[in-house]
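Each of the next two complexes has chain A plus one more chain, namely chain B in the first and chain C in the second.
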Partner chain A sequence: MQLEPRLHTPLWMTLGAPVFAVLFVLILCGGLISWAGAPLLDSYIALFRGAFGSKFAIAETLVRATPLILTGLAAAVAFRAKLWNIGGEGQLYMGALAATYFGTGLVNLPAPLMIPFLFLVGALAGGFLLLVPTLLKTRLNVDEVVTTLLLNFVVLLLANYLLFGPWKDPMAMGWPQGAPIIDNGILPNLIAKTRLHGGLIFALIASVCIWVVMTKTKWGLEIRAVGLNSEAARFSGIPINKTILRTALISGGLAACAGVTEVAGTKEYLTLDISPGFGYTGIAVAMLAGLNPLGVIVAALFIAGIYNGADSMSRAMDVSNYIADVITAASLLMVMLAVMLTRMRVRFK
Partner chain B sequence: MLKIDNVTKRFGNLVANDAISFSLKKGKVLSLLGENGAGKTTLMNIIFGHYTADEGSIEVNGRRLKASNPAEAIALGVGMVHQHFTLADNLTVLENIILGTEAIWQWRQNKKTARARLAHLATEYGLHVNPDSPVKSLTVGEKQRVEILKALYRGAKILILDEPTAVLTPQETDQLFATLRDMIAQGLSVIFISHKLGEVMSIADDVVVLRHGKLVASFPIAEASREIIAEKMVGEVVPAPRRQVMQAGDQLLGLENVELKGNSGHLLLKNISLNLQRHQIIGIAGVSGNGQKALSDLISGMAKPSEGSFRVKGAHISHFDPRDMIARGVGRVPEDRHVEGVVGDFSIKENLVLENYEDGKFSKFGWLQNRTIIDHAKRLIETFDVRGGTPDTIIRGLSGGNMQKVILARVLDNNPEIILANQPTRGLDVGAATFVHDKIFKAKAAGAGVLLISEDLEELLAVSDKIAVMYHGQISAQIPVEEVTLQQLGLLMSGDGFVASSVESNHAA
Partner chain C sequence: MDFLDMFLTIGFWGATVRMATPLIFGTLGELICERAGVLNLGIEGIMTTGAMVAWMWVYQGGDLWSAVFVAAFFGMMFGYLHSMFSVYMGLSQHVTGIGITLLSTSLSYYSFRMLLPDATTPPKIIPFDEYAVPFLSDIPVIGDAFFTQSPLTYVAFLMVGVVSYILYRTPVGLAVRMVGENPMAVEVQGIDVYRVRTGAVMVGSAFMAVGGAFLTISVFDAFYFDMINGRGWICVALVIFASWRPGKALLGAMLFAAFDAIQIRVQQASSSFIPYQFYLMMPYVFSIFALIIMSRKAAYPKALLVPFRRGQR
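Moving on, here comes the complex of A and B:
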């Protein structure tokens, strides 16, 4: 048996491979569910219902997908330029901090201006946060994987300090949380009696915009060229450092917008648990999407659905909701493997 | 020794090898010729067991090679020396040679026996390399010797050499040929893959020519001439474009006492003076790693000289930047197509605008003008005869020759007055190389000056008006091609006639 490269991959294979991979993962994880002593089919039904089974479930999945789309885009853009931004979590909190600083009374504009203003200051804060390790990379060749990762903890500790100290809301009965965002800054609710807010619209528009930038503009061409072959890019005169710094601003800004949607949309005030690791999961979203900005939407919906579904499955069937992490991780591996295999042909002889 | 019978291999609709049969006798050298994409590499990969043939069979010493398994091919005595060496740089010669020959569960290496066996092989075939020197410290010629020793150590009786002379000086090539003759005398057989007809004529006993996957000719070398072989390879008589003697015009590029420092502060270029005029082609010879890369970086705008004056069309240059150089009329064909020439995962149309996408034609207010870019690509694909490509084809899939045509198209479409062509025909077949030379001649006739850096002396002698040799970061005087001899170039390339200098040699890996 032998693997050979394939010259053309048929479209049905490209589209079918991830679906097949996910089905395969569900079969594999069936083993774990059975091991936990739960009926397999009922568990999966519970998982699906929890994710997409009702208006409420769908809304919750979309609420969870919103920040994942944004952090996924942040990773997808940065990784295209081979800028390994692992600091999505820190940038997210930075955006949330900026939204809290400006959105709790310091600035008061009418809603149509206030909301874009919060996204803008959040994006700037996140963008500049990523600019620091990126400058260290372009100037001094410091590995950005380490610096962006460690900055996550710096920012989280800063948020800790602010929420336990100067920013603590006196009305919060001692809980470490920020003052509520003023009414004009709250993202509008999309479906009554659910938590679904306008952040989703923002995230969807952002995906389309990033897709347009990456495929139709000069900036996109530069980012892709630098990421795919920086030596050829340098040789043909593309300003490498400028491109990487620009990418950092975009990527950090997108991740920070996820912090803004959480503070101004989902929670309406800053807490220390606004993100259960959205910044890190964004990396998985981006990889699952093959770094495609539109694919990020699908990948974020999938992962958000798995997490929400696993929560309700664990309530109904007494299976630990860690199964969601297993399914996500296995899906990531299997989808990548499946996509790689679509470029190959198996021969038996 | 080796019998190839009716071997056919298909990739999808493409027939890479179509019913190929030939045989190799003991103690003979068979030369396998063909253009890029003719199926040579596929055939060798089948013999070596990387691929399985769809039809047909291969017999080594009367034993049929069954499965596709390199280990079996090695066991039957087939050894392969790849064009790109497969050595671990951080290990010594001896370690590289025994790598992979020992059982997994053996808990310590038996270096003593290995060393003795290696010494025996080295004296038997005259392949002398210090077994304890780390591979990274070896010259290219020595590395190749290690590759050959590696194959012999594994008991090779049939040695496949893929473009073995591409990286060697004439002297090293002679040495390799002497070794090969020794090996033949000892009863080994060799399959020799090359583009250089001169070498094929001097070493081969039999010639097999492939074209478009088919065997088109197979004859003893005694019955062949260069013209016949070249004609068989491309399928028609190729009139090689001839150099036109032209009166050189005004100065385009003037370097005076230029020095270039490397990152660690040592000199890469020392005291370089060069004068390129209109209607002139200057060839730069030299073994790779003697400063050609530094010189080409300088002219490409990728590096800044630490001393000396650098003039382009009379203007003194102090700011060195690729875009500046392009704007001043310098067209640059880089040494390594895959590394600097193209973005492999980009489409042809994107690669064609890589240097000038900022141009108002191709982008307005940051938006790429896709229509214009596609039309531009279509026009250049047509005029430069890029085969097997549409504007949206990913360039990685093109053959070396067609990829080089895309780069030439990008460079020449700007009508550059100064053309830096660094190894423009490396790895190209006769047809594609002729195409490149033809374009260079046309540019020269139109008034451009060309700096041609090459390791192929035959090419330099055929194309250049003047030749200079680089050695350890220095450059020799420019000798008119009519007055230069191969021996003279060979001596200059090995450092004869250069002032002894403190410049460290920089063996490019």
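Moving on, here comes the complex of A and C:
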């Protein structure tokens, strides 16, 4: 078996590959649903209804997609530069911690200033968190995959300590949660009687901004060049280390903003379960989108729909909602494979 | 002084050896994969799978030793899947590994929920009993610490020697090390690089799964979600710490486990003034520091992360 590059990839193949891969995954996971003893077609209909079947369902899916867009962008930007930031989860919690620290009364500004301020401090906190492993990588040759992964556990334990200790809200009946974000810092509600909040607008604007930066500016060109061939980039005079550090600040900052949207938008206070693995799922989102910042929006909507749909399907059909994690993980692998096959041809000899 | 007493007690050394066991299996597994040029980030999920299937096998009536083989088999299957993507297709080893971790973890959780839908408190099994090695266990202190352990612990120590022997003293080991350094040269010798790498990833993944199984059928008697809790990632760090040598991997795992055992004992003695979360952070922080110290002169296998494509240079 041998792989050869294709000279030309037709457009239908580029666009169709992820769709085909996801359909293939849904068929495969049908086996798991049947194993649970649920009728297959009805289950998938229940899943779709739960994701997009009503105004409320759509709003909930958008709420869930908001942090996924941001963590997906974080992974997409970093992976373009071959900076393997697997620490999205830790950066997300770092952003949430910063938003809680500054947003629960320490600083009080009018809302049009307070909300950008919270995103700024959150992004800085997450950016600097990723800066540590990145500096270790550029200065001391320490593998960033392991360090970012391990920092996730450290940050989560830090949040655990703060919420069981000094930051515990005495008004919360003993639950480990932070004090509520002050009114000026709460992201405005977008549709009455749903949880949909302004974080979505922020995430969409962030996607467009990142797309512009990555495709139209010198910074984006440098980031992509470093990822494609860092030796060649060095010879053409691109400051490699500076570019990687810049990428780290952007990537960590984006993941941290997901923490801000959850604390200041979805929950309105910090808990230890604001993220059911959004940082890790962001990697799947980025790969589904082929690392394209605008594609991240579509991929995040799809993954968010799968999770919300699986939640309501599990209530209706008695299928464990871990099926959503299976579909996400399998889609990550299959889409990666499908995208490669649009660029390569398999020859059997 | 009671601080010194802690290190001299038999309980401390026994705990160290016990805690080192899953790390020895995991680190050896990761080491085999990386020596063949494949970074296997599926380790965290494969350990979860090993823990789940071994426990489930025993819970459904299987015996303990066959559960170890069942875990190894499932590890191999995920290793095979990993190599389909990372070796045959030459896709990014980072993303493949994360994908395998997410897939194997979620499949394990899904299967656990499907097989035991009504289990609220984790049901229990009867795990491996300690086996006192005849004569050796009669040696004072050492006998109790090293020779009164779970049989799987002896297997782990034995495997360090076996892996070391195979890697450095057999043609198979030479082939594994060469595909990690210079796959082109192996291809010239008429050896199939894909097969060697796939084999190494499968065997390595089997080790990882057995490491996970040790937790559910030897240390504990139940399967909990999130029970691997970063041990897999720590193994990845330990491989770098060990400079890809099985002997040093054993040393690293023991050091790490000793540190963990100290941490737990100090925590019990001083929990009033330092919050326990900071003690729980120590293993991860320790791993990061170990990486910082060792990475300066780390001699990575030259072809690590480099996909091999036949007929291309």
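Everything below uses one rule, namely that the second predicted complex is superposed on the first by the 338 of 349 C-alpha atoms of A that agree within 3 Å, B and C clash if a C-alpha of one lies under 4 Å from a C-alpha of the other, contacts with A are read in each partner's own complex, and residues count from 1 in each chain.
As a working rule, a residue touches a chain if its C-beta (ideal position, glycine included) is under 8 Å from a C-beta of that chain, and two chains touch if they have at least 3 such contacts.
On a predicted model such as this, the values are computed, not experimentally measured, just so you know.
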Which superposed partner A:Leu106 touches (first chain B, second chain C, both, neither): neither
Touching partner for A:Phe153 - first (chain B), second (chain C), both, neither: second
Partner chain in contact with A:Met173 - chain B first, chain C second, else both or neither: neither
Contacts of A:Leu332 with chain B and chain C, given as first, second, both or neither: second
First, second, both or neither for A:Tyr322, with chain B first and chain C second: second
Of chain C and chain B, partner touching more chain A residues: C
Touched partner set for A:Ala192, first chain B, second chain C, both or neither: neither
Doubly contacted chain A residues - partners chain C and chain B: 2
Complex interface listing, chain A residues touching chain B: 2, 4, 6-8, 216-221, 224-225, 228-229, 231-238, 347, 349
Chain A-facing residues of chain B, complex: 11-12, 14, 51-52, 67-68, 300-302, 321-323, 326, 332, 334, 339-346, 350, 354-355, 357-358, 363, 366-368, 370, 397
Contacting residues of chain A [partner chain C, same complex]: 1-3, 32, 35-36, 79, 84, 86, 136, 140-143, 145-147, 149-151, 153-154, 157-158, 160-161, 164-165, 280, 283-284, 287, 318, 320, 322-323, 325-326, 328-330, 332-333, 336-337, 340
Contact set on chain C toward chain A in their complex: 39, 41, 85, 88-92, 94-96, 98-100, 102-103, 105-107, 109-110, 113-114, 117, 229-230, 233-234, 236-237, 240, 275, 277-278, 280-281, 284-285, 287-288, 291-292, 295-296, 298, 309-311
